[in-house]
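Two complexes, one shared chain (chain A), two partners (chain B, chain C).
Coming up: the complex of A and B.
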């Protein structure tokens, strides 16, 4: 907050870099300190209290993770397959729903919007236990399809809300213009609306992808031990006290997350962001 | 598009598949867990709730308090970040902040748990740096892996999300009122709280409500950072199921945290309705 009042052109500008540098430096430490610690753990062979830095560095744990007999490769494949299938199904459901919520008059619109929030609003654990019981009857427990269905339910709020915002941000007159020169509603949607909404829709697809990679509780009850994903591997390694394996898994999960963070604003423009939740 | 009956039916048909997934895969199991909360050995009753409050009252209060503290901190930090991004006069400082604040945005909760578990521990990098810098002695080093660790994890992970929404809404605002107030000599802090924040309040509330309910249902962070008492309701639910197979009390605890989330959601809905009216 101190930086808000930190620039006043009446004085030598250089002096204002002192408070600015302090605040930005503290923020940088708060963000990169923990990340640096994680990266250190991935190249640590031995490290214990009270040594500030690891006693011995090495990459032997990376070899252990990626060895053919290791479980990490299997978890990585599972996670990526599940995430892609989740995105395909969630977008197939969210694009029509988002269009209807943005453009068509719907009864109980606010209630429908809120319905998609339900999976985020309830502690998922007891629900997943009941889903696992339900899936067991249909033979879906321990299958990729079962895990995908759980992830889709969890990710739909992002898919539908962002898709709705992306469609709402499009100037309606462009659609009306296409209609008035004789384009059919379907053609207008395909050639005008969809391309204009594409960046927002892509952003919501990536949100769903990352939600699926992140998802832990549902995978644990519905997938494990047959469908092992990366978060499950990370949790087992960490609770077993194996910080190296846990940190390497964490870094592998970090790469797509940080990559998307760096490009997100290319997809999610402020005109779309300001429509989220409306 | 006119408000005609065929249009309404088309709209409902387009929404229906997505709604069906939510109903079948979430509302139905949710209903059975709500019913399960009232199921006792002999018919229906409040025994599960009696037991839940007897064993976990402190955890219930603890959960609501730390999630509320986290939500308030996230709100303050995201207004500060968004405000500086919009009103900051030094382009270089604004650019650095814009690049900096978003890093934790999409980092999964389970990874945040692992990151902060190693960073905040008694022998973690934070204490090590403080000791090396001579600020504290090794004997003064304390572990932050308690309620503070959970709050830090939540704020660390959720602030970028709300700040992204808030700063997006702020930069979409009409600049002319801000420039006018600026020309009349208003301070930037006053412009922020009297002109900008009221206009982005809806977006900010959406972000905070989403964060609140997300934090209420995170299991990995309390399990990895602080699984001892007092801990969060989610860890208790996992414990009841894993250790005792006690679905009754687990479902009762689930219903209690649903009520807490529901209050926040209801508050948000009421605000939106008021604005639309």
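Coming up: the complex of A and C.
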């Protein structure tokens, strides 16, 4: 591919850059095109076919979304409350489970790790329809607790896998060193294990948080119409043709995702990542 | 049980699954003693240390400290401190926090901890490094932080798991002396695991040589060095040169028969437990003299003379090291003067430098036996073809 460049060193324009630039450009457009459209919609007052750009710009829909009587504020609150509760419950399960899976020589370890994948392995819809039917019997349908439970089963695989990896990455001798100079097992866990695993655990908590924030199917079957979350609002707004409300909701969902992803990228070190799923 | 006995290991068996790493091992250590567990990798020395520390639970047997049974106590209740080969410093704590952690656990007041940590930092040459994280220290400094963390709690027993093996050779020599001087000064009982013979010799009051989960020999460094109890110990203590001899015992002497490779010699028995038969003889390169073979016979009791010729010479420093072919064996012998390659020489081993061990009965001269076997094999092959 560099033969032309090699034979004519003075005019070394690599022609291969033309197809490459086209592919990269298309890729960028595929990723950022819809996003740009989304952002445009959030500041649009009037925009209809066949106009390429909005006819009128404004932020009146933001006011409507954030008005005290608007359903958006309620959905946002619901989403955040559900996400925090989901993180709390998932981490309460994942920290001991991850530590046990990382440290104890469990014979069924691989199988247990795989079991956490099961909620993801089956098609979502039939599973959630059945869960909804079951929850209805227990009176959990349409409650925050019900939605949280669904989100936890969904997010636990990330929480447990990443927590296991975070604990596995800690050299056992660091714990032994604390034990040898007089620390009890619990004290060792608090003073040595937990601080060292904290970045990995934080990353897994963020994953669970984002999963909960974005989760739609389970929330729809178990939560709607009593517990409205942001994705449900997005769904009703966009199916009702209200693109401004839908876009503003989408941007609100996007902000924590992007922000947290940057945090995760910083905290998840290769020594932890290399152990995920092992 | 002697009054001084402080740490006692009784018939301890440690193993995973069906294989035992420690096979009914017993050991007794006095208060203030520095004991080195010496052995090659896989001999069980680290397992023994971890059993003493409480990280490896014995299948059977007991461990007593000061008369108290600690066999089933968890590591944190044993009043010991272990210094790890990897140092195992906590990366999220500063040097001062690492050293002071054991004191914090004991509920010591913060001001007292600070004072004690500073004392230890001064003692270990870590002054001014208290606020650094372990990641910002050199290997030698990390090693000293690990030592300081263990010493901070005034342990009754200090356990050292190859703490010098990750250090540069030059620092290692200095730290050896630092640790043993510190141990003497503080009067701590110490158990030190190492595979480095010289390190064990220099640091320890007593050396325990381990082989396959058992104690092969134990004693003061000079005793183990000069009177090895078995061929394994002799080899481990540097007597790598090995030849086989035949002889008879009588009147407090052992008479070595002459052969193609050695002259007749009469050596004082000097406490060696030998019987008539075949011996495995071992000696160190520096324990023998190299004499240019002039044919003159000296008095037979001067030592054992082997005859051979020089194959190669090298200069590792101090003396010349020659590889000498004696019969089928290549032996290493030191000499102050270089001897030319191919020159016929005598290797003289003074009686006190020659370690003799009885070999099992079925033995013939190595050269003859190998030739005969080879011949027999060839005959067999021929008959098959």
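Before moving on, here are some points about what is shown:
By our rule, the second predicted complex is superposed on the first by the 247 of 278 C-alpha atoms of A that agree within 3 Å, B and C clash if a C-alpha of one lies under 4 Å from a C-alpha of the other, contacts with A are read in each partner's own complex, and residues count from 1 in each chain.
The criterion applied here is as follows: contacts are C-beta pairs under 8 Å (C-beta built on N, C-alpha and C of every residue); 3 or more make two chains touch, one makes a residue touch a chain.
All figures in this text were calculated on a predicted structure; none of them were measured in a lab.
With chain A as the common reference for superposition, the partners chain B and chain C occupy compatible, non-clashing space.
In the superposed pair of complexes, A:192 makes contact with chain C only, with no contact to chain B. Of the two partner chains, chain C is the only one touched by A:184; chain B is not. When the shared chain is aligned, chain B comes close enough to touch A:20, but chain C does not.
Once the two complexes are laid on top of each other via chain A, the angle at chain A between chain B and chain C, using C-alpha centres, comes to 90°, given in steps of 10.
Looking at the shared chain after the overlay, A:38 reaches chain B, while chain C stays out of its contact range. Applying the stated contact rule after C-alpha superposition, one finds that A:203 touches neither chain B nor chain C. In the superposition on chain A, A:173 makes contact with chain C only, while chain B stays out of contact range. The larger set of touched chain A residues comes from B, when the choice is between chain B and chain C.
Once the two complexes are laid over each other on the shared chain, residue contacts for A:222 go to neither chain B nor chain C.
After superposing the two complexes on their shared chain, the closest approach between C-alpha atoms of chain B and chain C is 7 Å. Note for the complex: chain A touches chain C at residues 171, 173-174, 176-185, 187, 191-192, 195-196. Residues 1, 3, 7-8, 10-12, 14-15, 17-19, 21-22, 25-30, 32-33, 36, 80, 83-84, 87-90, 93, 96-97, 100-111, 113-119, 122-126, 128-129, 131-132, 138, 156, 160, 164-165, 168-169, 171-172, 187-189, 192, 200, 202-203, 206, 210, 213-214, 216-217, 219-220, 223-224, 233-234, 237-238, 241, 247, 250-251, 253-254, 257-258, 261-262, 265, 269, 272-273 of chain B touch chain A in their complex. Residues 53-55, 74-76, 80-82, 84, 86, 88-92, 101-102, 105-106, 146, 149-150, 152-153, 155, 159 of chain C are the ones touching chain A in the complex. Chain A contributes residues 1, 3-7, 9, 13, 16-17, 20, 24, 27-28, 30-38, 40-41, 48-53, 93-94, 96-97, 99-101, 103-107, 110, 112, 114-131, 134, 149-150, 152-153, 156, 160, 210, 213-214, 216-217, 231, 234-235, 238-239, 243, 246-247, 250, 253-254, 256-258, 260-261, 264, 268-274, 276-278 to its touches with chain B in the complex.
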